[in-house]
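The structure appears below as structure tokens.
Going in written order, the chains are labelled A, B, C and D, and every chain counts its residues from 1.
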């Protein structure tokens, strides 16, 4: 890190900062500039809480230099991570799998119909929520383990792997028992106890970016899972919260190349939550593929008008089928496949 | 809610929307305007997931009319809620208690010294974290139950009530056993399982606003706790995430009067997280009192330069003592007391 | 618009709102719901300042229903606008022109070299700033009319049409004399006097979205130009300001389909300002084409390391040439051409 | 500035960066850390466009160290600037003047009535717009010079100094002729030609922060005015644009102490635009005073329900009178006066 001193900082204050740096086990290296002095602190400060240095007299601010994550970094692991959810759904290579399905598992019939539609459209895995995080306490909260069983039945019927959300550490085991991939939702992206629990079970984890999470914080959240022993993390950009009000969130596709330049972990794009409106999903899915994402998650419902949750952003089976065709063409144009 | 039709919507499409409204158990009431038609849906739609209506052909958008919370609403309960943490720390009346203390419980000596400083400064309760949510997995995660015991010892020594954070449902019981008030942090503000668990235990809950949470979502999060049977919720504004980079967060003080006009629950301001810099805390604390907040939480550390966590935003005991004096004067100016 | 009354609003207060609506020349239509009353105001209220209604006693809020623009609306003009900058640069049809060039015109040699590189890469028009809006008053402010002459010489040499920025009404004439298309920058997107002046001259206008501008406000800014008699407006998404800090701005590609569903005006994407880093521009340009944009603006400099302005986001001639090849492939995949 | 190299940067790449730094007339100073190398560039780089350095091979990013403004800096001028608009309205000292009045000058009678109300309430200057920047081209655009004459008549009648907005360089002279202080609005905060024109005339300038402007950018905008020879700049925080939707903007009061720690220029708070709702203005005005602001601007209208513009955020004369009383009390509590 670099400690920027105030222009009027005294020699004594600079000396004090140098001592504080040494106390932290780092090497101090002051540089006197034309206007002010900065003190570089040399060494690995990533496991230190260095913002307290700002309180030392004469300090203007502390500028971190090293990225705050290690295992997730491309510098630590230069080869790309391949996450295998099933034979047809391996994320991180040339093939871009599409995970599709309804927001919620509503009934056995609905999830079965959805799974058949996903299979017919040529998508590669089934998504659907059994444990639902709902902003409104009075709304449908999911069928719980019964929902997981319905998902398992749909897998049985179609061969599609299952991706489903887990909300709390005590439910990790049951979700892990049924699912092929666990999803950590945007509201739980810094639920560190849940991240740790996901890091200790064997299934891949689809980690959604929080609504107000920076790229660095997303990689630190992934680091929680990685550092517990689970290397199979898929990062998901699903829109961030901004002043823009024509969409539910603002899908930030530049996160794809940025993350590819920082981490070896694969990046999935969720254009359904990223826009909140079915009428925008197709264009954003195509854009995501052109931006070089590694996978897509698309909300699809057999009857969006009557979906119990997230109906506005769910596409129909027909729209998904048509979308798959155009996604394949765009993928080829960037030397990938869908 | 109001369903706004597109200008070119057909009679048939309007008819279909009317039927969908009736299916939901609501009464449809179409209004033909000069440019387009809107259809009002009459009845309590707060427990319905109505955004799927957007998918009906000819619909432009769905505009909710009713607030999405009930028990938290001033319309449901016009009298203000008084939350009693201890005899000297009752929140929601004319008196504005100050809860102060370090970010983390570091040792028995440190928390004891902190508690004595809080008492000497004239503040009304002690805060300190035993279970710490850390963005970086390699940083100090708190002393856990040992930390709770140190807090209890500090209460024993000073008589100050204790406010401390809980991170996950399985730890609610142990925190509830030691603490006088449970804190739910900003990263857990939509950890609905944790909110439910807090709603089922007897201690008051200090609920922090999420970094990207709207006022409506904050009140819905409170509703989770209220609807489980715990009426003692204190809402906390602690800064939201914006483009502004001179502070860690942007403290939105207009949340105070806005919340007072929407809910009977008391509002606490946390200027420490709200700014991230000790040098801004005093002015923002005074502003919060002038804005009519009901309580304050101030991070104070006996030695901020060496604080294990959040050192940059912690004030010294001397600064707290001086601040208490000016807070009292501002409080009097708005017919309150500190 | 819809006026939402408070739950406890009296009959008299509702009556007063009805009268205010009639005073505005609109028709009032109250609807009593189960929880509260709303009053619809029927008629074209787009030219009225109706937010004062919020002040009437008993009113909770005012919800606008009609879009606040008219001429820019797809409902007013269902056929797409084609903006012709030159024979090879017509924006709004199947072909997606690429406008490329340096941020600033630095010298005759530099802009000539740039123009030849743009032509060689197969792009369709030349951009370059002669009047530069600089955040820092001490930085290079552009060569002014001399820069315009250098641009004209580059057009002479290569046949490429010229797009260049205008900063203030008094310079509209001189810029209009040399340029084929005027650019209004993001910091001037609500400089209404400039918009009016651009609306009164004959050249097409490339209107950049403000950093904090909603879609509705962008269309209202376009309306200023349209209503002055100039129908040739190209809307430009160039990134909005958010908390995200890995990019200079957050490029919001969902603006493309959203705008296409609201307006007949063509949409250009600027991935250079949208990201701020040359290393992200290619992926975002490809994503923009896949999202169905109508044109692209790419900052290219013969020697980015030594660019006087915006060097970090300028690609090299070689990178532009390679990019054009991939853009063509992506365009074909979505039935467009580049 | 500090150039952070990538971990895998070669010696040759570091050498190249050192040469580029020398080319810029700065001194290079490399520091080899445990993980990577940084190169400090010593010297005043504030007038250089250094972001192009990011393009050099092996560079990860460029970190600026010096603040990008000079004349506005507290380091350049340690004593506070006092801006004198009139005898009773001097901004920057212990007294906190209140500037009040309607958003728009609607008629001679209206502005006269307003001025008398401002005087009666005990406020210190009159605000009112003659040239109005309107988002919607079809809404009232102000009475222009006739409006300025009405303002002058109101000054004549009450002795109150006049603060009014200027929109474009060509109108600076006429506004400067009538007004005691020129206002530059939020949408023109980076209209650099207007800032320059305001810097060349003799009246004080009230510079509003842009909706998406950082503190550094605000001070650079002020620097445009200062560097043209006009030292009398008042900075105005009037709310920034965020995701928060209960207010028109998010009033960021922490800008007050932050600016006081960076600049000698006085800070005015505009709680009317900062909230957008009259019902929130009083609490935010009191909070602003407690936060140590140097002046306030309050929108007041004799009949807010019928205000032509910004009715929702205008308080009544009675509310202003009452507010002045409470502001005085809060000011005393922080050793200031109103």
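The rule we apply is simple: contacts are C-beta pairs under 8 Å (C-beta built on N, C-alpha and C of every residue); 3 or more make two chains touch, one makes a residue touch a chain.
Values in this document were obtained by computation on a predicted structure and should not be read as measured data.
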Joint neighbours of chain D and chain C, given as chain labels: A, B
So which chain is the furthest away from chain C, centre to centre on CA atoms? B
Counting in whole Å, what is the centre-to-centre distance of chain A and chain D, each centre being its mean C-alpha position? 38
Whole-Å gap separating chain A and chain C, where each centre is the average of the chain's CA atoms: 30
Determine the centre-to-centre distance between chain A and chain B, using the mean Cα coordinates as centres, and give it in whole Å. 25
Indicate the residues of chain B shared as contacts by at least two other chains. 212, 240-243, 245
Could you please specify the touching residues of chain D with respect to chain C in the complex? 20, 46-47, 49, 51-56, 62, 68-70, 133-140, 167-170, 187-188, 190-194, 210-212, 217, 220, 223-224, 227, 240-241, 277-278, 304-312, 314
State the interface residues of chain D toward chain A in the complex, per the touch definition above. 2, 4, 7-8, 29, 31-36, 38, 40, 42-44, 63, 65-66, 75, 241-243, 245
Residues of chain D defined as touching chain B within the complex: 212, 214-215, 240, 242-247, 250-258, 261, 274-275, 279-280, 283-284, 286-292, 326, 329-330, 332-334
